[in-house]
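Presented sequentially are two complexes of chain A, the first with chain B as partner and the second with chain C.
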Partner chain A sequence: MAHFTKATSLHDWLNQRLAVDTLRRVLATEYWIPKNINFLWAMGMVLAITFALLLVSGIFLLMYYQPNVDLAFDSVNYTIMQEVGYGWLWRHVHGVAASVVFLIIYIHMFTGIYYGSYKKGREMIWISGMLLFVAFSAEAFSGYMLPWGQMSYWAGMVITNLFAGGSLHADGLVEWIRGDYVPAQAFLNRFFMLHVLLIPLAIIGLIGLHFGALRIPHVNNQDGEEIDFEAEAAKYKAGDKRSSKVIAFVNDFMSKDMMVVGIYLIFFFYLVFFHYDFAMDPVNFDPANGLKTPTHIYPEWYFLWSYEILRPFSTNVGLIAFAFAQVIFFLLPFLDRSPNAVPASRRGLFKYWFWAMLIDMIILTAMGKVPPVEPFGTIGFYAALTFIGLWIALPFITMFEKKA
Partner chain B sequence: MKELFILVVVTVFTLVTYYLVEPFAHSQMHKHYESEGFAYADLPALTKKGDATRGKDLVMGAGACTGCHGIKVAGMPAPMDAVTAAASYGVNPPDLSNAGSVYDAKFLGNLIKNPAHALMVEHKFDPAKGQMHPMPQFYGAGGDMDQEVADMVAYLQSIAVKGEELTPKMTFELACGRCHAMHYEKWTQIGEKPAFKKKQDELAFDTQVLDYQDSLAKYMGTLPPDLSMYIRSRGAHYIETFVENPQNYLKGTAMPRVGVNAEAAEKVIEHLEDVGDSKRHEREEVGKNVMIYIIIFAIFALLWKKEVWKDLH
Partner chain C sequence: MKNSSRRGFMGKAFGAVAGVGAVGALYAMKRSWDPLPSVKAAGFTTLDMSAYKDNELITEKWRGKPIFVLKQTKTMAEKAEANPKDIERLIKVGDSYFMVCIGLCTHLGCIPGYNSDEESFLCACHGGMYDFTGEVTKAPPPRGLDIPPFKVDGNKLVLGEEGPEYKKMKETGVTL
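On to the complex of A and B.
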């Protein structure tokens, strides 16, 4: 047992028991971040803040929400939106944050791809980030079921049907997932459980893993420069902050993060109060009705690109393409054969690959929402082929990349 | 400068994506109709100037309106209760007290002459096939029919409450409320559901509502939807243009053209907002304050960053 002395202050008392000074040093004041970064490096903090908004608003909503097929719709649209003081505010914050969080995730992902932040020891950062993407997707989908509106019901129907595996006809699996032949009480209850307990637990665990994965390889920088963190940290601690290539997580990095968070929150709250329709589909303000299929069924915008990879093909081919799209991003660190961990602009053909991928995914996103009539069907079909083609081409174009 | 450029790139890609999945995609999914200003241009105008005194005699007498309609302000109760009336006609005929200020005058005139035509339900009521509209046509009381119709309309306008006195709720109940329930304000097709002390009384009331709804569903083909959340699920523009001409969006629907005037349409929308989006004023108020707060927060964050980073550059 460690030796404890009579504490001289509350701080000392805590320090002897919890090592708060060491923790503070290791996690904050001497956690070194490269100085050569731009505002895109603040997206992690923006995501953390958005997740906190989701968590807090979700806790408030949970106090009035009723996971019952007869009560769910009215508990959201009447009790929460109209009877409970500021219930509407929590719901709008929750709904808008659920949509905006994906915008930030995509910016965060494409930042990582552009700057090569998934290579040279940073593979686990990428993989844990992709696991978070999957967990957030599951969280978004399960949450979308809860208001039990028309889109909840029919999206639930369509997405759970995917698990039948086309010609495999694994209908038993679909029934097992739903707990019934169609989405009903058992379905709503289990998605409620997933949304408020199991998936949030997984997300919190994965956030820990994601942060941990960052610790050893350190944060990347704008030029992909390999920094001797110990030497630069010594320079910083000696007082030469100006020429040191690193900054402390607190306050240096945090102050820049908070500046970006401030600007982001202006944008976020503008959406919450004045422009929320994009995140709260009007169709979902009709109560679920299993006998009345909506004219257009589409997922929320952040799932549209993968939905459009599924849609233009025949059932079986579509499902294979869809499965491909779900896993392929995980393999990015291994499919990129080039040792260059520098911005895409300095990487030859990869530069074009990056912009082609980004634009192709935007086209897929747009085509995933419009009705599958011509010319949209054809555009979607070729955009889906392009997506697959780009991934197949990736190892080849990176293999022959010159050393940057 | 480089950061500003990156911000522009991120913003442009975000806005393009937004444009494609929201305004563009919705323009491809839904037909868009502009409001015609509740002009009912397809209906011929009233050519004669009506006289309310003569109109009163016609409405109470030869016009035979009060055979089916009540006119409470004139001391005429409805001849039947709502449930019995719906069993006979499919839907409860409206009390005409405020018809003159809710419905467009030209529409009322045309309705009296040929209900199925004015209501745009001729696909459902074809006299040649023996499908008669429950409201009989007015064939004239022996004089100049156009004059008689104008007189009746003038009478209905003279007895109706006007301006502020006609509340959004009254407008909704007359124009929509005999077919559409709105359970977020306890509105049923036979009136507002009262608070009952005895369960038996409540069950009796619910039974009446169900009986009424059965007749209505048979008449319309399906039970018309509850409108509690329509302001969020359809939006004001859709509702306005749909009410003006339901056939535009839903060819062959049993929903009649309601024939409200522009002012009454606004009141109906206001009532739908009061029920489905009751916190909209609070939202705007709180929104403004939060924006001010968050802008101040952003300014302080910016100043903090400048303070910290001045030692780093």
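On to the complex of A and C.
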């Protein structure tokens, strides 16, 4: 048994039992971050804060929300919005955060792609990040069902129908997922469970994995430089902070990180108070009606690009293209055949690949929003082909890349 | 050595017990997600076919799904007659022909709208189109509107029961 002595202070008492000093050192004061980074490196913290906002606002919404097809709509639009003191605040925070979190996720992802932060030992960071993206997508979808408005119902109908697998015609599977022939009480209840328990648990676990995956390869930097973290840390600890290439996570890095978070939060609450409507589709303010489709069904903006890959093709081809779009980002570390982990601007053809991919996804997003009429249908079709083509081209253009 | 093989055995024994338990638990979980018997026994819907008017789309409800009923006019029936793909899809009750379909687009399940002047359906979700018999005329829907199980009973139509006419449609692949 370990030897315990009479504690000299509360801190000492805790330290003997929980090793708080060691924890603090390992997790904060001697967790090293490269100096050579920019504000884009703060997106991880911005995401963590946004997740916290979602969690807290969600807890308050959960106290009044009713997962029942007859009561859900009013519990959100009447009880929470009109009766509960500051209920509107939680709802608007929750809705805006659900939308903005995807904007930050996309920035975070494209930062990683641009700086090559998914290779040379950082593959697991990328993969766990993509798993988080999938979990957040499932969380967003299940949450969208809960107000039980027209868009909830019809998005639920269309998305669960995807599981029929087109010509495979697996209607049994679709009915199994729904617990009914159409989205109804069983459906609402199970998506409620997923939204408030199972998926958040998975997200919290994945965040742990994501952070853990970062420890051994460390955070990348603006030049993709391979840093000897031990040597640089030794310099820092010896007092030579100027020439050391690293800084401590706390307080050095955190102070700047929180500065970015502060600016972000001002922007965020500006949206919550003055522009929350962008995250609230007017169609969803009509109660769900299984006998009336809204004239134009579209998902929230963050799913539009993949929706647009589904749309221009016939069912089966569309489903295959859609499935391709869902998994292909996972394979990025393996499809990129070049060993160079430097910014895209120094990588020859990959530079064009990066910007083409980004612009193509913006075009897909825009085309997913407009009704399926010409010329948008054709533009969407070619943008979808471009998306697939770019991924097929990736291994070839990176294979012949010169060593940077 | 002896020791470790004994531990190995214990490990395998535990693995076997846990494996059986895991399979059982998964089965129970799968069953808990199944539609409830009360949902499955959602009964039958009986339609009185003499009440419908020519070329006027009426939406009924069966198992929570919209059912399109469209009584064909004389000219529509003649047009359908000329096209075997169309006529097979119609149900004859008395002297009249009816289109009776599940009103969900076979692409991804939106409800198409009917234009009685053009005698066609348009699905606003992704632009799919069907003619007045529910046959698909423009992709992305992969096939015509599905026909629910039905049985002709004099002037009535019972949805949910499989009559000989429905069985024949299924065999010939008119509907799934």
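By definition in this document, the second predicted complex is superposed on the first by the 404 of 404 C-alpha atoms of A that agree within 3 Å, B and C clash if a C-alpha of one lies under 4 Å from a C-alpha of the other, contacts with A are read in each partner's own complex, and residues count from 1 in each chain.
Keep this in mind: a residue touches a chain if its C-beta (ideal position, glycine included) is under 8 Å from a C-beta of that chain, and two chains touch if they have at least 3 such contacts.
Source: prediction; values computed, not measured.
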Partner chain in contact with A:283 - chain B first, chain C second, else both or neither: first
Touched partner set for A:4, first chain B, second chain C, both or neither: neither
Partner chain in contact with A:296 - chain B first, chain C second, else both or neither: both
First, second, both or neither for A:366, with chain B first and chain C second: first
Shared chain A contacts, counted only where both chain B and chain C touch the same residue: 295-296, 371
In the complex with chain C, residue positions of chain A that touch it: 154, 157-158, 161-162, 166-167, 169, 175-182, 184, 186, 190, 290-293, 295-297, 311, 313-316, 318, 371-373, 377
Residues of chain B that touch chain A when the two form their complex: 2-3, 6-7, 10, 13-14, 16-18, 20-22, 24-25, 28-29, 184, 228-229, 232-235, 276, 278-279, 282-284, 286-287, 290-291, 294-295, 297-302, 304-305, 307-309, 311-313
Residue numbers on chain C that touch chain A, as the complex places them: 30, 33-36, 39, 42, 59, 61, 63-66, 106-111, 124-127, 139-142, 176
Sites on chain A touched by chain B in the complex: 35, 38-40, 74, 77-78, 81-82, 86, 88-89, 92, 103, 107, 241-242, 247, 251-252, 255-256, 258-259, 261-263, 265-266, 269-270, 272-274, 278, 280, 282-287, 295-296, 301, 304, 358, 362, 365-366, 369-371, 376
